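Structures for review follow.
Shared between the two complexes below is subunit A, which has subunit B as its partner in the first and subunit C in the second.
Up next, the complex of A and B:
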């Protein structure tokens, strides 16, 4: 039996916190901060237990009330007020990093965070990275580094505002024409699920290019801790697709070089992380220029943010950072730190990868 | 006269979430916009036999057709005699019968605390010029679901000498399905399936299946 199918192993190593959202979030009334852990109980189980104990009406009242001090509106204060010592409500725990402080909040003790954006999970509650997320990131790099795709033709100027010309790369079935869908021939699997222990909570920090000031924003995300390994398989079904994946490591370097010259060079060097393998940006908070064909999008993205004065984008926008515990990695030469600064700043969404063909 | 029916049974295990779509004319605003096909009585996800048959046929056509077939009617003899060919008078009805596959491990899934047998996956498209996101919600039958797989092969006077050859094709088809995907959106990770515990069994007439079972354990 002969087929053109070829399988590649895509090994991802997170260099910084990576967040892939599930489209949902925890409110401040859905987690318990205690003893150095954030505990996210199964709220269905939690409520059932409250009903059993006869606390259901009190709990409903707690959900509706808003006390002036933010810290009194958290689930932990409800448990303490009612002397409920149970903590076996299912769910999972995430260890605090100690970097989760809320400086804007007058209630600046640890754990006083508000909402947490959820990480993608399978139905058994284990986090994983969907193949669709990785595939989008791969596609962005391929489109940025191919002159046939990275040109004026990619901008669709019809309509009110310019947008991407989605028909530049042929896709889908067309009547009377041979099926030609390059990105159908690149098949990216979902990652293997990994444990909740690989997750930490990280805050969004913005670094402006002009003032070089770094400021925290009240946005928390569940993210993969730096130096977590995640495995994917990529299957290609045509020779053309296989060539793209074979060359992808070099393409990723080329993209990174371009991105660095275009955007990263405006920022202090100690906030930028060196690579170990081949660079890629994944998931939320990595910034618009890692998601777009930046050469063509430059100008158009800024235009989009013109109207509401508060969110107006200055220049090419801010560098998006986050704080996580410092970590070191052993390379062939020496042991070195993942980050160059002493303030625990990482580039949100940064990862490294290697591709190896699996021969069957 | 030789007439026998050989039943191939096994399990389809989902390695990643599976989406075999159906239409939903009455979707609420903000609800799942592409639901999966379900059994109307139990409301559990199913894998229709037509999906397995169709996917297997196109995959096998890449391997066993000597010339590129423009339509299913142009398929070569090997494919036609197994799957049927309406434009070939010898093989109007193929030798294979595919059955719908139903979820069989509901209890096991229940014991693992799942809330529902389908999940809703939020995805979005990012415009590569404006960076605008365009979200969508897709329903999937959840990972680790197991479906009962059943296939009937008909042995007649005409096919008797070709049984082993046909089964090689069938096993290749199952193997190709494992390397490919079942259902929609497979290029972004959906629908990776594994066939487990495959067994051939003569359910009518006389046919010695020991040789076929040997093939099954070595090939798949």
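Up next, the complex of A and C:
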């Protein structure tokens, strides 16, 4: 097979908060809310200092008790109660947006939020977006828009539950056959790391299709703030792969159109954001239909959530929103707001992108 | 005499899991959930990986805090408390004084999760 490397610059612009999880989280007693910032200390260091100061017993007791007011169960109240003024425990700070109120709680004091899911970080502690995350989002769009892949054959019905037929697209080496692995020929780089200042904390909000009511959930995520630019490079090694990436912008529009008709149309228009460039959904909280070949997955996903104990999935489920400060963007025509509602609701995980070939 | 040794930690894990409280309606099920026990394993698995590349004394901070996290998690949920008590986790944590005992403890946590799955704990 002939190898012809072509490089593309993939410029991502977050249209809404985007969260890529590292799989870890901060519990409600692992951050300090103070002076408009959420401070996430290095808890090993923090505890060590408490031991030095002779507060370790008190701290252990604090962790075990549960006071009726949520705000009294946060780390800041332990520090204030014991008049501990140290704040040099390592870690980092994230500026508040003012929208992090825990309205489910009996006291809606700012900063009384629950667990916070951590963003993906490199060994230096700086957040970045792994190329594998973006590649997955690219794959979803490619699979949804190609009739060779978006058909009944993609569902593997053997076994207890239907699952994806992973051999739909040829991959891996096969004895006696020429190596043909399409997604090996599309190489997506990690993003450059970005600073903690690009991160905000956002809450999960569900909007139901039937009642059109929006309700907050006790889940917070570290997320990239809207209008953050993130750059990736994509390298293709075969002509077939290069064509797919060249056509990818149109594919993304096609996917979005299908997704809108399939799912977004059931929801109030003011909760849906218009695109500036080409749409893509990335990371956590964007919903099952942005992660699957939705025409084939429709029905299968609902079946998985039939358990009587859990909440049953009604229809196609809820629209997943989040709150972040309102922002405007200058386009070639005019200055435009990113969102159409006045309640700061964004579609979780929504991003726009442009692709440009880098010619050496 | 140490509670945990290289020879006894697997058997001990099995005994602990067998003795855990079970659901009254369906005795096949534990009261403890997989996600709860996995949360505990998460606390140790990063330490296990780090212990292979870093010096023991650099991990002392984290090991001390690990104890606190176990205390915190067992305070939140009685089923976790049941496990932490029966598995003598807090006592074993006090015994950790070098890399070997730390790694043994991490293996012990893995063994607990393994037997939990084996004896009916579901995903």
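As a working rule, the second predicted complex is superposed on the first by the 354 of 360 C-alpha atoms of A that agree within 3 Å, B and C clash if a C-alpha of one lies under 4 Å from a C-alpha of the other, contacts with A are read in each partner's own complex, and residues count from 1 in each chain.
Quick note on the criterion: a residue touches a chain if its C-beta (ideal position, glycine included) is under 8 Å from a C-beta of that chain, and two chains touch if they have at least 3 such contacts.
This is a predicted model, so every value here is computed, not measured.
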Simultaneous placement of subunit C and subunit B on subunit A, clash or fit: fit
Touched partner set for A:175, first subunit B, second subunit C, both or neither: neither
Winner by number of subunit A residues touched, once subunit B and subunit C are compared: B
Touching partner for A:356 - first (subunit B), second (subunit C), both, neither: neither
Contacts of A:63 with subunit B and subunit C, given as first, second, both or neither: second
First, second, both or neither for A:152, with subunit B first and subunit C second: neither
Touching partner for A:300 - first (subunit B), second (subunit C), both, neither: first
Partner chain in contact with A:48 - subunit B first, subunit C second, else both or neither: second
First (subunit B), second (subunit C), both or neither touched by A:161: first
Shortest span in Å between Cα atoms of subunit B and of subunit C, once chain A is used as the common reference: 5
Subunit A positions touched by subunit B in one structure and by subunit C in the second: 24, 44
Subunit B-facing residues of subunit A, complex: 1-3, 5, 7, 21-24, 44, 90, 122-125, 130-132, 135-136, 140, 143, 154-156, 161-164, 183-190, 235, 237, 288, 291-293, 296-297, 300-301, 304
Of subunit B, residues touching subunit A in the complex: 16-17, 62-63, 112-116, 119, 121-123, 126-132, 135, 137, 142-144, 172, 175-176, 179-181, 185-190, 192
Partner subunit A, residues of subunit C touching it in the complex: 42, 61-62, 64-65, 68, 71-72, 75
Parts of subunit A lying in touch with subunit C, wherever the complex brings them together: 24, 27, 29, 43-48, 51, 59-60, 63-66
